[in-house]
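As written, the chain order gives the labels A, B, C and D, with residue 1 at the start of each chain.
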Amino acid sequence: MTFGQLPYDVAHLLGGGMLLLSFMLLYQRRVGAVINALAMQGGILAAAAAWQGVVQDAPQLFLTALIAFAAKAVLIPLALRHLLRRLDLHRTVETALGVGPSMIAGVALVALAILVVLPITAGVRAIAREDLALALSVVLLGMLMMITRRNAILQVVGLMTLENGLILAAVGVAGMPLVVELSTAALVMMLLVVGGVFVFQIRERFDTVDIGFLERHRGESP
Amino acid sequence: MPAGFPLPWALVFLPWVGALLLVALPRERPAALANIAVSAAGFVLSLLLLWHPGGTQGWTHVDALNLPLVVLSFLVGLTTAVFSLGAIAAERFDLLRLRAYHVAFQVFMGAQALALLADNMGVMWVAIEIATLASVLIVAVHGTPPAIEAAWKLFILCGVGIALALFGTIVLYLAAQPFVGHGDSGLSWTVLHGLAARCDPGVLNLAFVFLLVGYGTKAGLVPLHSWLPDAEAEGPIAISAVLSGLLLNAALHAVLRAKAIVGAHPDAVAPGPFLVAFGLASLGLAAFALWRRRDARRFFAWSSIEHMGLAALAFGLGGATANLAGLLHMLGHSLAKSAVFFGVGHAAQLKGSQKVADIGGLAASHPGLGWALALGIAAVAGLPPFALFASEFLLLVEAAATRWWLILPLGIGLLTAAAAKIHMMQALCLGDPTPDSDDAPPAWTERTTLGPIWLHLGLALALGAALPAPLAALLDAAARIPG
Amino acid sequence: MALAPLGAGGYTRSRESPPPVAVLTALALCLGVLVLLGALAVPLGRHRQAGRLVHGGCLIVALGFVAVALTALLAGAPAEPLVLPFGPPWAAARLGLDGLSAWFLLLLGVTGACASFFALGHPPGPARTLPPFPLFLAGMALTLAATDAFVLLLGFELMSLVSWALVAADHEKPENRAAARLYLIFAVLAGGCLVPAFGLLAGNAGGITFEAMRAAPPEGWGAAAVLALALAGAGAKAGLVPFHAWLPLAHPAAPSHVSALMSGAMTKVAVYVLARLLLDLCGPAQPSWWGIPLLVLGAGSALLGALRANLEDDSKTLLACSTIENIGFVVLGLGLALAFRGADLGPLAALAAGAALLHALNHGVFKTLLFLVAGAVLHGAGSRRLDRLGGLIHAMPVTAGCALVGAAAAASLPPLSGFASEWLLLQSLLAGWRVSDIGFQVITAAAAAIAAMAAALAAAAMLRLFGLVFLGRPRSPRGAGAEEVSAIERGALLLPTALTLLLGLFPGVLLGLAAPALRVLTGRPAEAPARGAWLTAGEGAAGYAPLAVALLLAVAFLGVALLVRRRSPNATQRGPVWNCGFIDGPFGPFGDPLAQPSAGGIAQPLRRMLGENLLRARESVEMPRPGETRPGHYASSFEDPSGPLLIAPAAALRDRIAAQAERLRDLTIRQCLSLSFAALVGLLALLAWLEAG
Amino acid sequence: METFGAILTQVLHLALMLAAAPLVVGVTRWLKARMMGRRGASPLQPARDLDKLLRKTPVLAENASLVSEAAPYAGFAACLVAIALVPSFARGMAFAPLSDLILLAGLLAFARMALALAGMDVGTAFGGLGAAREMSFAVFAEPALLLCVLTFAILAGTTNLDLIATTIRDGALGLRVSLALAAMAMLAVAVAENARIPVDNPATHLELTMVHEAMLLESSGRHLALWEYQSALRLTLWLSLLVAVFLPFGAAPEASGPLAWAAGLVAWLAKMGAMCLGLAGFESAIAKMRVFRVPEFLGAALLLALLAAALLFVSTGLA
């Protein structure tokens, strides 16, 4: 399939939507809104997976879509909200890098992603190339979010976005084996991260595992 | 052994079954003994691999490159199990932690085997993820704040790294996709390796970068290393050996597989220089960071970073000679470093602290342990007649012969690191002994410590100076695989 | 580098070796026995007879080395190396001998035999000193028997590691620990310089075997790099200035017979590596300026070592410093040989190389003797410090006699061994002007002056050693109660004494023996600079016949004694010492020790004349005012320039970098993630750039 | 016949030296006294002193060892062998092939070591002081001497004294600046080696300024006689060495007859007389310098010798 064909356009559209949402995630100033955006992104991801299932008539992709929807559009956002309420975390986004600058950085990353993907010759079909660019951008933006936001929740969200990008890439490639297994395995890790946030009651940052009495340790402070 | 017998899978599932069994065992000593039994069975099974015809078998693949690594893994697993028989006596685990410890250990061993034996890059990725989760659990098992912070750090950093590695895997498939039909073969390393020359170089480059950063994080290459010192220093005493001896090898092995694929394409960006850069960075940072360590186990964790950097550098140089150096370095480092971790761990338990200031004069107070540890540290410092001397010799000669400008940074790094280790060796082993702690482990634990140490040192010596011809031929064949 | 040429036939581990030459089999056997002894010494280290077993075995093996070396030198070296059934993973290890290595093996055997013999009679030290000793011998022999870079460096570093264990033998003393640490670090430095040197050669040759390297000598910058690396590497192990800081600390720290071996043999093994690398493997076609660095370093070592020997207060440290001096002489000889060969002055090259080889052997023997004497004194009189000894010639006559011979040889007095090699060296220095290059001529002239000065300094140092230890009156109660050492130890002292005399009387024979080694060093069949009993130089225009000189001296001595005694028959009387009428107070059994010249006092003239400029020597005298009753105080000190100029800056730099490295360590998880992210983005950007360009 | 002549000249030379040594000292002293306006003792006085000392009973300190008794003979033997090698009135004596300048330096060092050992044997402050200073002076004297030897070696192509003397006498070299410089340097070395003013004062009685004499304080009788005799021998040796190298004229050539020998003897006596005169004049003209200025004195000699060699490198353009 090439440009101007429905399957490609839809897939492209969905990918673009995810990228857009990644930017929204970077843009939001309130944690609640961020979580909503994350849920939406999860939904779109599920849709993309399903669509690819239709296009490639690969039934296992529907399973992926289902899992993605259940986990990313519903469960995890709810969990995060609950966390937000229970540990009464800051409701406002604390940034290490301001919203404006991080947007600019995000644009730069997207540009980089396109630059990297550009030289890929037409030997690979265009769809893959485009999707790859999108997915790569989402991944990079997710990581950018992890390092420019201070709240633990937002860092978890960044990790989730990163993983969404992975799944997007995975489903985008026609005939990718073990998609379900891999996406599930990746998901398990995400769940464990969220679980870790619960268990260790990480209030503020990843790097202050806040079990009340924990001092900054890092080994050999004399 | 019947022809079709899936020996690799047996190697993977034996420990996992053992893990289930260990859940059932409540009491400490039986559990530890069962742990040893399972590990021993695994080791014996892994020895059978030496007679394995090799080649791809479903999702698994046995060749000269991963075979020695697998056998070594199970060997170190066995010795670690023996050592931990004495070590956990002093750890004072409660029931839950004890089970968690043993289960996680066996799960880790199985995942390790799978990660090394997997032919399917996807399966390899899953295996490494499982290994990571297991190691997170083990590191956290103490539940003390430092342990939990170390585990959390390990979890987040390696989690992100692994995610990137997954992306790399996907891109790798994307590269091969035009040439492979649907089905699992698209992720098979052998297939990819064969196809690489026809794949699109751009995609391959992209895939390699992500695999390098992803698995490089697990291999503890600077600047992706931050999790390593804490994880190896805060986990249970016995585990440091496994973490630094095995986990790193598996990760570096994954990087090698990726390098082999990308390197097979003439127009792709040469992967070697990337590895050389990471290797130099690791060597440089670790060599100087060693001088500031006040904590014995952290010191040797940093030296693991240095050695991984050296191995990466060797593989980066490429060519059969340098690859041999790298492989030899990986094997020798696993043996020597785990021996040192046994010794240091036991000393830390004797003295009730792992601060260097509290451990001293071992040669005077515990001659057996002291001199064995001194010898082990000498081996880690690359002094003869152990394997690391041979590998570092080969690496340095090869560097001087092919890329003379590497001599200076390499030489300075090696010298600085070796000097730091000599300082540490004398600080720990010589001089006036420091007092033992009141709840020092019983005397018999010294046997479960010295046995593994001497075994490892003996093997390291054989590896460096007197390797039987077949094994040497095996290493030779292995050295030609990464290209 | 292609893999195949690595080692013997690369990975095809060629087990089918040619029928191994008996000599090499014997050598391999000796090595095996040594390793076995080392292994045996671990379990039965505490046993009473363990010492006898180990040292006796070492004595026999050392004699075996002598036999092997002599066979190789007389009957010609075996052509084919002996392939061992094991080795590094890429090739089987091989043993071989040629003239050069056989010569140094002879030296190793002789010194090893003396040291082991002495250790037999010496009271056994701590058990932990037993296992390393045979391995130490084995490491040195392995270095000499190597035919490729790996085995050579394996032996080289093994030698360093086990001798570290001996230096650290009594590690309760902090200064010994510091010495051991510095020692091992310098050993690693040596290895770290030598491996790349061999690597550069291997890069040309496509293999790490010596024959491959010989076939493809380096040129241009590569060759210069090899020269620099070899000098730094081998120099660091031989104690060449400026890499000598460890030597005066480490050699005294070890047990005496080990110090003897370290000074007598180990430094020579390093010199062997230097000669092998520069004069053999780099090919005979190197330019003559190659000699200049060796000349400069050699002269510097000779001067600094000899001067320090005059200022030290510890007998073994003094001897270690004189080792630095003699290593300087040997390196001078090698440098001249290089230069002469480059200017193809064959006979002169042979002269210089002969001087180097002969002096290596002579120094090996008489320095072993002197260290053993120091050990005997430590055993008999309980101290190494010059200020606690004195008058031992009465209590330990045999030791004193042996010491006198050794000291005279070290002071290069005719007709002893030291003078013979010194004569050859000075002759070759005096011939330096034949290289037609004004710069080189001036440098050799200066080197000649420095060599003469160093020889005179050595004489002063040896007088100081012998005079303070054996002459005068005891300086401490323990010294007053000294007694002669056991019969075996005396025998072990007489053996090297006799050798010193013989080597001094028959240097011509030895040079004939060294002809194969000379051939290796000069790259052409060279005639040894000797005719019969004569050492000759300058086309035979100048000569030295030690035998004749010795005879003349003996005749003159006896004749004078005879005549004088005929003229004055009265027997000597004994009376109180005159000492210009000065009578020291009644101070125990042996007058007031403070009324005797002290170590610092004897050193004073040279300290003021040279030490203040070269070694930053300081001295302070505080005199009590007239009427005060407290004693006056005299303190002197000096500082070796290599400390503040070389080691301290390196350590400071290391610490500064380490401090910077720490800033990367103390990061929060988010910052660590940023590091990874930066790495990823950087790689991607690099990728984009590479693919675009 | 020739070998016989060689042996005969050697024996005669030895006898001559033994006879001349006390005389040289005596003459120098007498001349000095004269220059200072004293009558001075007869030139034979040193010989008489030696004979008297020989007849006295030597006394040794209680704690003196064998060294004190053997050293005088050893030192004397070394000086004897050394002086047997320095040609006086004839060339090509029996020991000519042995007469190597480096060996000569070695033999003198041998004698010096014997003297220093004897000085330290009893363990008195002055003995040690003298020994230390003597050895320290040698540290500066020997390099200067060796550089002079280098000059000769470049000119004559050998370090063999006999050949050097022959080459220079044959005048193949003509008059050279470098030879003059070397002569200056060698004179300074000779002064130092023989413990003459300004380095040391042979006639001093103040122990603190002694170098050579300080080591003899404990010896008496025949031992003292031997020490005195050998220092006289050393002075003669140096003077005739200077004569042989720098004023080689008139000496009998190799394998010549008694007549030539007689002529050579006369010439030699004349030259030695001149040297003694010069020495006496020099010594009575200047004062002894401080001990720690000696290195400067000898260092200057060292530089002169180096300059001589360097000049040769340039002038003869040895390419």
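Please note the rule applied: a contact is a pair of C-beta atoms (placed from the backbone, for glycine too) under 8 Å apart; a residue touches a chain by one contact, two chains touch by 3 or more.
Note that the coordinates shown come from a computational prediction; the quantities given were computed from them, not determined experimentally.
Novice: Please identify each chain that touches chain B as well as chain D.
Specialist: Shared contacts of chain B and chain D: C.
Novice: Which chain pair has the highest count of C-beta pairs that touch?
Specialist: C-D
Novice: Find the geometric centre of each of chain A and chain D from their Cα atoms only, then give the gap between the two centres in Å, rounded to an integer.
Specialist: Spacing between the chain centres: roughly 99 Å.
Novice: Take the average of all CA coordinates in chain A, do the same for chain B, and state the distance between these two points in whole angstrom.
Specialist: Those two chain centres are 31 Å apart.
Novice: From the C-alpha centre of chain C to that of chain D, how far is it in Å?
Specialist: Going by mean C-alpha positions, chain C sits 36 Å from chain D.
Novice: Taking each chain's centre as the mean of its CA atoms, how far is chain B from chain C in angstrom?
Specialist: Chain B and chain C have C-alpha centres separated by 42 Å.
Novice: Could you say which residues in chain B touch two or more other chains, in rising order?
Specialist: Residues 152, 156, 160, 164, 202, 206, 229 of chain B each touch two or more of the other chains.
Novice: Touching at least two other chains at once: which residues of chain A meet that condition?
Specialist: 116, 119, 143, 146, 206, 218
Novice: For chain D, which residues are shared contacts with two or more other chains?
Specialist: Touching at least two other chains: none.
Novice: Which chain pairs here would you call touching?
Specialist: In this structure, the chains touch in these pairs: A-B, A-C, B-C, C-D.
Novice: For chain C, which residues count as touching chain A in their complex?
Specialist: Residues of chain C touching chain A: 665-666, 668-671, 673-674, 677, 680-681, 684-685, 687-688, 691-692.
Novice: Show which residues of chain B lie in contact with chain A when the two form their complex.
Specialist: 120, 122-123, 125-126, 129, 133, 145-146, 148-149, 152, 155-156, 159-160, 162-164, 166-167, 169-171, 173-175, 177-178, 181-187, 200, 202-203, 206, 229-230, 233-234, 293-295, 298, 355
Novice: Would you mind writing out the residues of chain B in touch with chain C in their complex?
Specialist: 152-153, 156-157, 160-161, 164, 202, 205-206, 209-210, 212-213, 217, 223-224, 226-227, 229, 269, 274, 285, 288-289, 291-292, 319-321, 324, 328, 363-364, 367, 371, 378, 381, 383-385, 389-390, 392-394, 396-402, 404, 407, 411, 414-416, 418-419, 422-423, 426, 430-432, 463-467, 469, 471-473, 475-476, 479
Novice: Hey, which residues of chain C end up touching chain B in the complex?
Specialist: Of all residues in chain C, those touching chain B are 1, 3, 6, 11, 13, 15, 86-90, 93, 128, 149-150, 153-154, 157-158, 160-161, 168, 171-172, 174, 177, 180-181, 184-185, 188-189, 192-193, 195-200, 202-203, 208, 222, 225, 654-655, 657-662, 664-665, 667, 669, 672-673, 675-676, 678-680, 683-684, 687, 690-691.
Novice: Please name which positions on chain A make contact with chain C in the complex.
Specialist: Residue list for chain A touching chain C: 96, 109, 112-113, 115-116, 118-119, 140, 143-144, 146-147, 150, 155, 205-207, 218.
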